[in-house]
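Lettered A, B and C in written order, each chain numbered from 1.
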Amino acid sequence: MRVRIIPFVVVMLLAASCGGGSSDKVRVLRLATTTSTNDSGLLNALLPAFEAEYEARVDVVAVGTGQAIALGEAGDADVILVHARAREEAFVAEGHGTVRSDVMYNDFVIVGPTDDPASIAGIPLASDVLAAIAVAEATFASRGDDSGTHSKERSLWKTAGMTSDPDAGWYKSLGQGMGSTLNYANEVGAYTLTDRGTFLAQGESLPGLQVMVGGASIDESTDPSLLNPYGVIPVNPDKGGIDAELAEVFVEWLTSVETQETIETFGVDSFGQPLFYPDSEAWRNR
Amino acid sequence: MGTLGRAFTDALGLLWNMDAALIETVLLTLQVTLVALVIALAVGIPIGAAIGLTRHLPGRWLIVPLIYTGMGLPPVTVGLFTYLVLSNQGPLGGLGWLFTPSGMIVAQTIIAFPLVVGLTMAAVQGVDPNLPVQMLSLGATRRQVATVTLLEARVGVTAAVVAAYGAIISEVGAVMLVGGNIEGETRVLTTAIVLETRKGNFALALSLGIILLSLAFLTNFAFHRLQVHQGVR
Amino acid sequence: MTATYELADVRHCYGDRCVVDIPTLEVRSGEILGLVGPSGAGKSTLLRLLNFLETPTHGLITYAGVEIGGDASLATRRDVTTVFQRPMLLRRSVAANVRIGRKLHGLDTKDGSTERWLEKLGLTDLADAPARTLSAGEAQRVALARALVVEPSVLLLDEPTGNLDPYNVGLLEEIVRSENAERGTTIIVITHDVFQARRLADRTGLMVSGRMVELAATEAFFSAPQQPQTAAFVRGDLLI
């Protein structure tokens, strides 16, 4: 046994030496977040300012909401930034996080094939639209990945008076990210629920899809339940190995008016509208 | 430790209960893997043998490096290529194979094919070059020479089969892209593992991984028995 | 007596270098012809030509009265077989290695011939042994059985006993001689062992640098060589 352990130990030591070398002085914040904040480019626009100001490095782990929360539960992240209100509250209630703060919101839209086989265009409420899709048995693509978007979709099915994740041939549970799900919907002519930001960012490669519910921008949205709030939660320092102090600093910085202003302008140049709308307490009270 | 331990009990539990969704996923995994493997072998072994047996192959200087490169093809690239070809705008969009097991089989076959050709070629080249001469002198036809040489190289050819099988069954990038990981339609073990990991269901993901490994082990065990049975030592 | 082979102006050249250059040669049906000569004299190449494994670059080989231009027919090729110095055995059992000869020809393999040849060559006890585990002598006996099981009209032997001990040499020579006597098989044997040539061959030829220097009845070849090179070879001098 001893002989077999030695190479393992050597490999671990080598791996440790690779990771450790450069980060002697710089503090590292482990941020677990959803793909939407990272893929949209928002974090790249925001984080350098934080890193410069606090001489810290932010390691972003961009995963599904489910995994981001699991990382927090395991103490493998210092702070989480996600969008699944009920699960965020449960995360705090179960003692995994200290306190949840509002950060920003964007909104969801329902997109679908331009020929609209379920004739849903013009229906104002998302839940009614889902009911209509079910009646027409039109193909619906679900993220099916326990993400924040998937959670929202489930609650919409419930509002529509149906079981979530319908077990039917027209309901395709993909278990993939938003981008892949949109590509799928575009290819096969399916409806899907998406956050507006990803749809805008991917717009050019989705010629077969158009917004069915939600209008051209958040101001034209006809269904308030489609709002998509993001929250930030420092992980409970009791888990050990958590840089609670830096996490607190990060939350304060992220919700500060100055950072919120950056959020408000992000994406306007490219898409003619913001991808995220600031919504922190400090911003609302400014 | 908790997650690891739970993964093993979960895996046993899933198998014990014959979870319907799991059985479906396992069966599809095997179906896609085996069909792709059979196609890759049926086409790849003769081609690999032909390249290995042809002494003065024109263009060998180009063909062989191309095959070796193909053996290291990034599966995601193959997936992307297959995706674009099978997409509505692609040349074979009319087949309607995107997001179906057929499309996944296409991608997996492309991934396995260079492995089969390259390893078969190497195995055949490893056979004593005097063997074909001896067989010809015993009155063998060209085809018989090829067959005898392949049988002689069976250890290496079996390695080609095993490598191709391993590459396909453990592949995730291409089947995710081309299949779409649709529940009940194109979800295989690897894409299910990715999904459960993303959901934060680490124990379930790991137990799926254990099932995948067990499948691979059982198949490789069978391959090995076959090798031993062939009198290889 | 008819001729098994007639060679007319046969040359086999790589560019300017001809490794075989034989203006005329007749191999008689049912004879044992010994070929001696230094390494690189073209003996093995000549055997490959006679086995139709290669086509001579010039000249014509007539086999059993049929001119072979280009590739020989499968039937003609199957009339002739070679036992090489190094027995190329398959990674299978001894019996399977003997059987392969008949298998390749599409002949019945359950006619008892395999077992008969195994017994003749003292291999019955080794029938199920993996061929790759045999000693050199055993392996060469398998190679000879594999060649004879197809009942060839011509048996070509390329230094078949070069690596073997006297016991195995004697056994192989005995089999070759009886094959020749009983079935009238034409046999051409390349050997470095002049004593073997004397023991086996009806006629013996000396090849040097691709040419047949002298070809004569074995007794005359050794006792009264006509060419100085032959005389030197018989004496054991080095030929250059």
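Here is the rule we go by: a residue touches a chain if its C-beta (ideal position, glycine included) is under 8 Å from a C-beta of that chain, and two chains touch if they have at least 3 such contacts.
On a predicted model such as this, the values are computed, not experimentally measured, just so you know.
Asks: Compute the centre of every chain as the mean of its C-alpha atoms, then state which one is farthest from the centre of chain B.
Replies: C
Asks: Would you identify the chain whose C-alpha centroid lies closest to the centroid of all protein C-alpha atoms displayed?
Replies: Here the chain at the core of the arrangement is B.
Asks: Can you work out the whole-Å distance between the CA centroids of chain A and chain B?
Replies: From the centre of chain A to the centre of chain B is 35 Å.
Asks: Quick one: chain A and chain C, Cα centre-to-centre, how many Å?
Replies: The mean C-alpha positions of chain A and chain C differ by 81 Å.
Asks: Which whole number of Å gives the spacing of the CA centres of chain B and chain C?
Replies: Here the centre of chain C sits 47 Å away from the centre of chain B.
Asks: Quick one: which bits of chain C touch chain B in the complex? Just the residue numbers, please.
Replies: 51, 53, 74, 77-78, 80-82, 84, 86, 88, 90-93, 100-101, 104-105, 130, 146-147, 150, 156
Asks: List the residues on chain B that touch chain C in their complex, please.
Replies: 128, 130-131, 133-141, 144, 148, 151-152, 154, 231-233
Asks: Note which residues of chain A are touching chain B in the complex, please.
Replies: It comes out as residues 63-64, 66-71, 73, 144-147, 172-176, 180, 184, 187-188, 208.
Asks: Can you list the residues on chain B that touch chain A in the complex?
Replies: Chain B reaches chain A through residues 87-88, 98-99, 176-177, 180-185, 187, 191-192, 194-195, 197-202.
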